[in-house]
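Pasting the structures here.
There are two complexes below, and they share subunit A, which is joined by subunit B in the first and by subunit C in the second.
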Partner chain A sequence: MRREAPQKLSDYGPLFFPAMMLIVFFVVPFATMIAVSFFQRQQGGFYVPAFQFANYERFLSLFFANVLGFSLMLAVTVAICCVVLAVPFTYLLTRMKRKVQIAWLVALLSVLSLSEVIIGFAWSTLFSRTAGITNLLVMAGIMSEAKALLPSFGAVLTGMVYQAFPYTVLVLYPALVRLDPTLTEAARTLGASPIKAFFTVVVPALRNTITATLIMVFIFALGSYLLPQLLGRPQHWTLSVLITDQAIYQSNMPFAAAMAVFLVLVTLGLVALTVLAGRKGETA
Partner chain B sequence: MTGALSKVYFFLIGLFLALPMIVVAGVSVNAKQTLAFPPKGFSLSWYGEIFLNPEWRNALFASLTLAILSAALAVAIALPLAWFLWRRIAPWANIFQLLGIAPFTLPPVITALGLLTFWATTGFYGQPWTAVVSHAIFFVTLPLVTLSLGFTAIDRSLVEAAATMGADDRTIFRTVVLPLILPYIVSGYAFAFVLSLNEYIVAYMTVGFTMETLPIKIFNALRYGYTPTMASVTILFVATAAIIFSLVARFGDLPKLLGAMSSDDT
Partner chain C sequence: MSGLALNNVTKEFGTFTAVNNVELTVPHGTFVCMLGPSGCGKTTLLRMIAGLDLPTGGAIRLDGEDITHVPTHKRNLGMVFQSLALFPHLTVGENIAYPLRIRGVPKEDQKKRVDELLLMIHLSGYADRPVAKLSGGQRQRVAIARALSISPKLFLLDEPLSALDAKLREAMQVELRQLQQKLGITTIVVTHDQREAMTMADTVVVMKGGEIRQAASPIEIYRRPADTFVADFIGSTNLLEAEADSTGGVTVLGQPVSGVSLGGGVRKATLSIRPEDVHLTAPGNGALSGTVTFVRDLGGTIETFVDIAGRQLVAVSTPRARPDVTVGQPVGVVLLPDVCVVLAK
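Presenting the complex of A and B:
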């Protein structure tokens, strides 16, 4: 059937329910949040309509500059670690038998769907003194006594890489599956070793995909709100943690909303960059 | 890369992914209420605890209800939208596709905070049904993506044939399109269901003070110290997710759903 433009009003029928739901429960809440970010906070957790920039002005402090700087640094580190680990992994995965691929995909999806609460709990157990990995090292005679490895920056980073790795693989998967296998075959025929073929042929061919993936994983990592709390110290808290903290525990909705709007702007700016990177890839 | 090297690499990645689950599984079979690994003694009582302890049972029941209803609502929003976008030429309607994908792409805390301010402003804050709507909006992306993919796989000439024989849109949808799209509806539902079961921040910000879902219950329990029940719940969750995704892979084309070409093409 050819696609046709809607002619009668009733042709728009199927659109009515989805459009209404998305407008009422996504666009309106989003607008509400933006409005609240300009409101004035009252004592006791309430707020009154106003139009002031005070909530945004609070960013201009050393404390928030530090938090923002740390959030960005952490997300960049997570993105780089994940992409470095995931590109060769996904490449090899797409060259495997279909059945093996499916088994790995099921495992990756299962880890990806895990709640941050569960990932945080699992890693805090693994890094704990009583039930942690150090007990195995003690049994193996490498360490003299078990110790806790958290809270620490390393613990936060490990937990977040664990959370973002399956996501990275699944973002890379479609592009790598479609990569023309004759590319590497040609390099191999011409005498390149498999590793050399991977770095000189596969990686350059995927340059734009890799850039786009880095940005996607960066945004994903920016959204992490529980792992820094469960595995780190207060100086490891990110913007997402502060937003939750202000909204729930400090009951300062206007300030939380202002930070959220700011986070959206950062994210949207990066999505725009991803799209630009993708465009360049198509024309190249 | 050489075979042995890639085997080692896959083993290490597999170990990294599995290690926390191995330790948690070990903790979950401790005989006493200690968080020890390797476990001291062996007991499955912490699995029984999920169903026997009323607090954990209620949380499990709340999570299941929320996931069943919100995934259904997400599909109900995504299906007509994907159908319309496939059936009609209406470029401006693509804005709704974008709106459907946005909640999942933005950092979750933003969607959560938006919904929190909205429910607080409208006065419904804390009602259990608001969590269902919130999750449906948050996860509508998943059925929307799988269904859009499913529609592009439908041969338009089939629908054309039905139209030539005089079937109206409604009949075409019910007799031709629905049977073809059904696997994608099921997998979209499955993705939304599993993620809703695990979701914390949106549920916490909308109904966190009136209702405990399992992830909220685990987080609240973490603050008062550890119990092996958390470990057994975690294993239950991983097992559930693995079983559901295996079923999707068994009855559908998982690599294709995740963006690869279908097995017929390769």
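Presenting the complex of A and C:
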């Protein structure tokens, strides 16, 4: 359907409400943050308006570069783990009976209702030496004695994948439900084993969905600041942890704002690159 | 034996029997159409031949080898789905090459084969197009070419032409039959369109309620239907109740007719007579007497509706042999013994 381009000012009317919402809840806070990132910090807790690059200069050090690098790496790893687990899981889920599907989706939604804090403490118990899962392995005779699995990178990764997994499934679910089941049947009649059919038909046909999901989980994981502290060592702390630390405990708002702005820019850049790469792959 | 053999194939879904004890042999190189109303089990039977569904009883043999439990991808089939199921992320050429790629055929050989097939389906030069840019008929051809790219032992099609408009469908029926004859490939098509079955098949298998009612050549099915369901389902027909007395004299709709026999010992039967075999004459002379109720002149054919004792009978004639009748006129209907099929009650 083709519509006429808007002629009068009143034609833009339907845009007014969403535009207002975006301005009030997104543009204004974000602009404030950008402004604050150039302000000068007052010793003793507050800041005064100024225009200086000191906050950004302080950020340009090897220490923060490392933290930024680790944060991105962690978010990418979480995104990849989630998608690698969730695509086959959701695919099998969509092939199940409707009742079974509903039960699984309700279970996943209930995981979403858990707060990050609860997830963090639950996993820290599970990974502990005294009450953790290693005790089960000892009972089963697989391990000789129980040990603590945290703090460690693995623990941080597990916690974050656990937290992001339901989102991943819920984003993939509609696309996989709509996928024509005869596509895999056709692949099988044409000589592909079920596993081959999955990788040569289901995954490529869902390429765009998978890319979008990767980006979503990546951004979701980038903002995580509680789980790295609860389950990791200081070297596993993400930039979000440092931002929280600066903003809340050090009361250095301008520096926290500068780091946040930098993180947003890097994230936008990476997302743009992914989308660009996806487009190129499509035309090739 | 070379070809496909189904022995007592049965498929039950819970308490529902979709396919019941089907026996069928399809000699190598024949074209079989499975025909029946929806829910008659024809698609389930095709899916079992493809290995997409497993039979709950019986065996399927291909060239003497039991393939009942061989997984689909090892059966070397080609199958065209009702939805066509072309892979949306691949181009026309990549779709056709898919079975070759899966089997690890070298790239150059894949390309050669794809070019061959594109030539065969009159789509040369379309290899690099995305499938979304094709018309319905073109997609249909691509799906056929993809199914044939490995020269399969069996070529299966599930309502392949149902998405096309009537004209294109008729053209594709002829094309598909010619292609099958050229390649000499054993082909099984599921359809609910009896015209399609008559056009293409060597053998038509008429199914109802999960059972085969009749399997024979199209003309045999048309001329010698096995029962009233087949007679009525294939083409249109007039079904008339007939009774025989102890001396063998036959009455149809209460009127005695000469020359027709129901066979020894049969007292009650149904006669099937095709509309084009109904001859209208002047009343009397041993003909059934009736009244003309309506004349439908379609230009190419003329259908005359005759009422005999409350039952409606249709006679079809060509304009050259136009019966000289008007509505309301009494008319005689002659039942020629050689065109009447006697069906047991």
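Please note the rule applied: the second predicted complex is superposed on the first by the 238 of 284 C-alpha atoms of A that agree within 3 Å, B and C clash if a C-alpha of one lies under 4 Å from a C-alpha of the other, contacts with A are read in each partner's own complex, and residues count from 1 in each chain.
The rule is short, and it goes like this: contacts are C-beta pairs under 8 Å (C-beta built on N, C-alpha and C of every residue); 3 or more make two chains touch, one makes a residue touch a chain.
On a predicted model such as this, the values are computed, not experimentally measured, just so you know.
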Open item on the list: A:154 in the overlay: touching subunit B, subunit C, both, or neither? Say first, second, both or neither.
Closed with: neither
TODO: Identify the partner contact of A:5: answer first if only subunit B is touched, second if only subunit C is, both if each is, neither if none is.
DONE: first
TODO: Between subunit B and subunit C, pick out the one touching the greater number of residues of subunit A.
DONE: B
Open item on the list: Contacts for A:188 in the overlay, against subunit B (first) and subunit C (second): which applies, first, second, both or neither?
Closed with: second
Open item on the list: Just to be sure I read the superposition right, which of the two partners does A:69 touch: subunit B = first, subunit C = second, or both, or neither?
Closed with: neither
- [ ] List the residues of subunit A that touch subunit B in one complex and subunit C in the other.
- [x] 194
Open item on the list: Under the definition above, what is the set of subunit B residues touching subunit A in their complex?
Closed with: 1-2, 6, 9-10, 13-14, 16-17, 19-21, 23-24, 26-27, 34-38, 76-78, 80-81, 83-84, 86-90, 93, 96, 99-100, 102-103, 105-111, 113-118, 120-121, 133-134, 136-137, 140, 156-157, 159-160, 163, 172, 194-195, 197-201, 204-205, 208, 215-216, 218-219, 222, 226, 230-231, 234, 237-238, 241-242, 245-246, 249, 254-255, 258-261, 263
Task: Complex contacts: residues of subunit C adjacent to subunit A - done: 50-52, 71-73, 75-79, 81-83, 85, 87-90, 98-99, 101-103, 146-147, 150, 156
Open item on the list: Give the list of subunit A residues in touch with subunit B in this complex.
Closed with: 1-6, 11-12, 14-19, 21-23, 25-30, 32-33, 36, 85, 88-89, 92, 94, 98, 101-102, 105-111, 113-123, 125-126, 128, 130-133, 135, 162, 165-166, 170, 173-174, 177-178, 194-195, 198, 219, 222-223, 225-226, 230, 240, 243-244, 247-248, 253, 256-257, 260, 263-264, 267, 271
Task: subunit C-facing residues of subunit A, complex - done: 180, 182-183, 185-194, 196-197, 200-201, 204-205, 207
